[in-house]
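Here come two complexes built around chain A, the first alongside chain B, the second alongside chain C.
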Partner chain A sequence: MSILLAASAEGDGFVSPGPKDFEFPGIFSPDSWFTKPILIVIVAALLVGVLFYLAARRASVVPSKGQFAGESLYGFVRNDIALDAIGHRDGMRFVPYLATLFSFIAVMNIAGIIPLVQFPASSRIAFPLVLAVIAWVIYLYLGIKKHGFVKYFKDMMFPAGIPWPVYILLAPIEFFSTVIVRPLTLTLRLTFNMFAGHLVLLLFVLGGEYLLVDYGGAVGIVAGSVSIFGSIVLTFFEGFVQLLQAYVFTLLTALYIGGALADEH
Partner chain B sequence: MLATGALTTAVLAAGAAEPSPLKPHTAEIIVGLVAFVLLFLFLRAKVFPVFEKAYADRAAAIEGGIKRAEEAQAEANAALEQYKAQLAEARAEAARIRDEAREQGKQIVDELTAEARETAARIMARGEEQLAAERQQVVTQLRGEIGRLAVELAERVVGESLADEDRQRRVVDRFLAELEQGEPSGTAS
Partner chain C sequence: MNGTVNGSLNMIGYGLAAIGPGVGIGLIFAAYISGVARQPESRGMLQSIAILGFALAEALAIIGIGLAFALK
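== the complex of A and B ==
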């Protein structure tokens, strides 16, 4: 930190990465809507679609390697997320949605550590927001459809078996939590995990480059090497976080759906 | 102090100029929504049913294989039981036949022995009978002959002079000699 501070204080030195590094000009013209994150999202969707299609194209009882990989991913979401969180009675209906959700988020996230791409599209808040709003609409719709509007909110805000004074606190908290906080936390958790991860990687890579090239000297070379090496380790860690966050987003969505369909809140 | 102050100012200035990461872009919302919905519709139509079918087929194939194996096992067990039963039956049959044969053999031997004994008894009886008949015949014949001879001898004795003891003896000797020469058949036995 002292090096960074010194550099900043000198004025001509290192400019630390920040939110500006998450803004891209249009690819073909600077003001166009067609930016790098948008291209990444389109390619991610196409990639997921094509890979799954190839895996399923010549599906047979004895699977090929591709089919096995596709089936494993699908089977993971099916058995370990959908059926576990929603239950065997209703879970199967949501497997296609949850499997799409998981693979789409995972590929958007992983784009952050793919060489040359190196930007997690899901650090742009619009994409997680869209997915969270879809989840929000689905679970509210399912809950209201299953229990009726009044009963759904009554069960949510006034769960049975609690002394009535507690409801004064509990009812607004439950309502707030289910209707407002859930989509917000889904969005913000994914966005800023990716945002922070990418920022840290940028810091290590750009800082290392600055130390090695511009700062120089024994201190610069040693610290820069450590920083670059750290960025490699962090890249693997980021890969783990990216898959984990895709899993968390999908699992929470499944849990919200399961909660909406549950007989008792 | 000076450095910190400068840094704070710089950060503040940069913060004011920098875009907020909390502000969603309309284009990104549209692209994200369209990409996700299209991807979902495509995968739900073309990919996931195939996987589900592969699961079902595989489960069916494995269950079918297990069922077939169980059936084959049951069949083999049934055949084994049948063979064992047949083998036991055959063994019992063989034992029965052996016993029967032994009994039959014993019976045959008994029968033959009895027959032989009977035959021997019959032969002996016939021999005795024959012997008795012959003896009877001889006795009858002898009785006749002796009578005739006695008469003949008496005639001779009466016809010759009976005074002389020598003559008497000669007569008897001659008679006996004639008897030996002339009538061999009558005294053969």
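== the complex of A and C ==
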């Protein structure tokens, strides 16, 4: 935060936050790869693993508080995402992956509103990209394994019951949308939701600080107070968006898996 | 601060581009709300469809903001 405050105070006018606020120097040396987002991701992975381990250790019929919390999360992913989107026949095998995915993305996102951490690691495109590529590999692999390479792409590009001239237009669009657009939109949706949300919070906080401290006067104090208050409201809204985006990413992954496994009608 | 405005025209383009997804998301949730109002027991099924539609419409706005920052 101190870097950002310095950035806003160095010019004579207000310097609005931009993509440069998403680039961090290395923690131990300025050029190293070990930056704040990497640290957040490592901590998030450890946190998810340790909490689920503690929740599942000594599982009993009458659950403890920790076991209850873990089972609620797991049950939510199983009932509302996996079984709904993939189906009762195949859904159960993907619940562990989907539950891990959901909690990992949620922790990465929520880091954006935790005081003193305050950076959503998933606003750096590399992390969502890897998760989207994993989803891409899974659904293509499952589809090809279930239907065979030729039949999978034939069913995808040439669905039955359509007059043949439409295929000229439909086949490339379907191929493009399934193989290229899906992983791309998965990545971009998560990344830029977090990017835009973090940018808006920065704008309200830094703008409020500039109005209160540097601009001053009656106008500055009133507008700055409104801006700081708005940043508090927006922080809660961001928390909602962060959980929603974790849900959306997991739901779409599950829907793509379900689509690959579906029988052709 | 001599009355000049600095910045990128990309942001105005992004503002215009966000109108479409904004209207689209409004229509999706309007349909969801009226669906639930007519048939409250269909809420669970409609919810995931509504959020899916919301996510697909929102992707357009998100691609817009990504390109607004990426294109120079």
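Heads up, the rule we're going with is that the second predicted complex is superposed on the first by the 253 of 265 C-alpha atoms of A that agree within 3 Å, B and C clash if a C-alpha of one lies under 4 Å from a C-alpha of the other, contacts with A are read in each partner's own complex, and residues count from 1 in each chain.
Definition applied: a residue touches a chain if its C-beta (ideal position, glycine included) is under 8 Å from a C-beta of that chain, and two chains touch if they have at least 3 such contacts.
Only a predicted model underlies this, so the values are computations on that prediction, with no experimental measurement involved.
Chemist: Figure out whether A:37 sits in contact with chain B (first) or chain C (second), or with both, or with neither.
Modeler: Only chain B is touched by A:37; chain C is not.
Chemist: After the superposition on A, what does A:252 contact: first (chain B), second (chain C), both or neither?
Modeler: A:252 contacts chain C only, not chain B.
Chemist: Looking at A:183 after the superposition, I want to know if it touches chain B, chain C, both of them or none. Which is it: first, second, both, neither?
Modeler: In the superposition, A:183 touches no partner, neither chain B nor chain C.
Chemist: Thinking of the overlay built on chain A, is A:80 touched by chain B (first), by chain C (second), by both, or by neither?
Modeler: second
Chemist: For A:191, using the defined touch cut-off, is the partner it touches chain B, chain C, both, or neither? Pick first, second, both or neither.
Modeler: It touches chain B and chain C both.
Chemist: Looking at the overlay, does A:55 come into contact with chain B only (first), chain C only (second), both, or neither?
Modeler: A:55: touches chain B, not chain C.
Chemist: In the overlay, answer first, second, both or neither for which of chain B and chain C A:19 touches.
Modeler: Once the two structures are laid over each other on A, A:19 reaches both partners.
Chemist: Look at the residues of chain A and decide whether chain B or chain C touches more of them.
Modeler: If we count touched residues of chain A for both partners, the winner is B.
Chemist: Which residues would you name on chain A as touching chain B in one complex and chain C in the other?
Modeler: Of chain A, residues 18-19, 191-192, 195 contact chain B in one complex and chain C in the other.
Chemist: Would you mind writing out the residues of chain A in touch with chain B in their complex?
Modeler: For this pair, the touching residues of chain A are 5-6, 8-9, 11, 18-20, 22-23, 33-35, 37-38, 41-42, 44-45, 48-49, 52-53, 55-56, 59-61, 63, 67, 70-71, 74-75, 95-97, 99-101, 104, 123-127, 129-131, 134, 191-192, 195.
Chemist: Considering only the defined contacts, which chain A positions touch chain C in the complex?
Modeler: Going by the criterion above, the answer is residues 12-13, 18-19, 80, 84-85, 185, 188-189, 191-193, 195-196, 244, 247-248, 251-252, 255.
Chemist: Enumerate the contact residues on chain B facing chain A in the complex.
Modeler: Residue positions touching the partner: 3, 6-7, 10, 14, 18-25, 27-29, 31-33, 35-36, 38-40, 42-44, 46-48, 50-51, 53-55, 57-58, 61.
Chemist: Show me the residue ranges of chain C that touch chain A in the complex, using the header's touch definition.
Modeler: Chain C reaches chain A through residues 1, 48, 51-52, 54-55, 58-59, 62-63, 65-66, 69.
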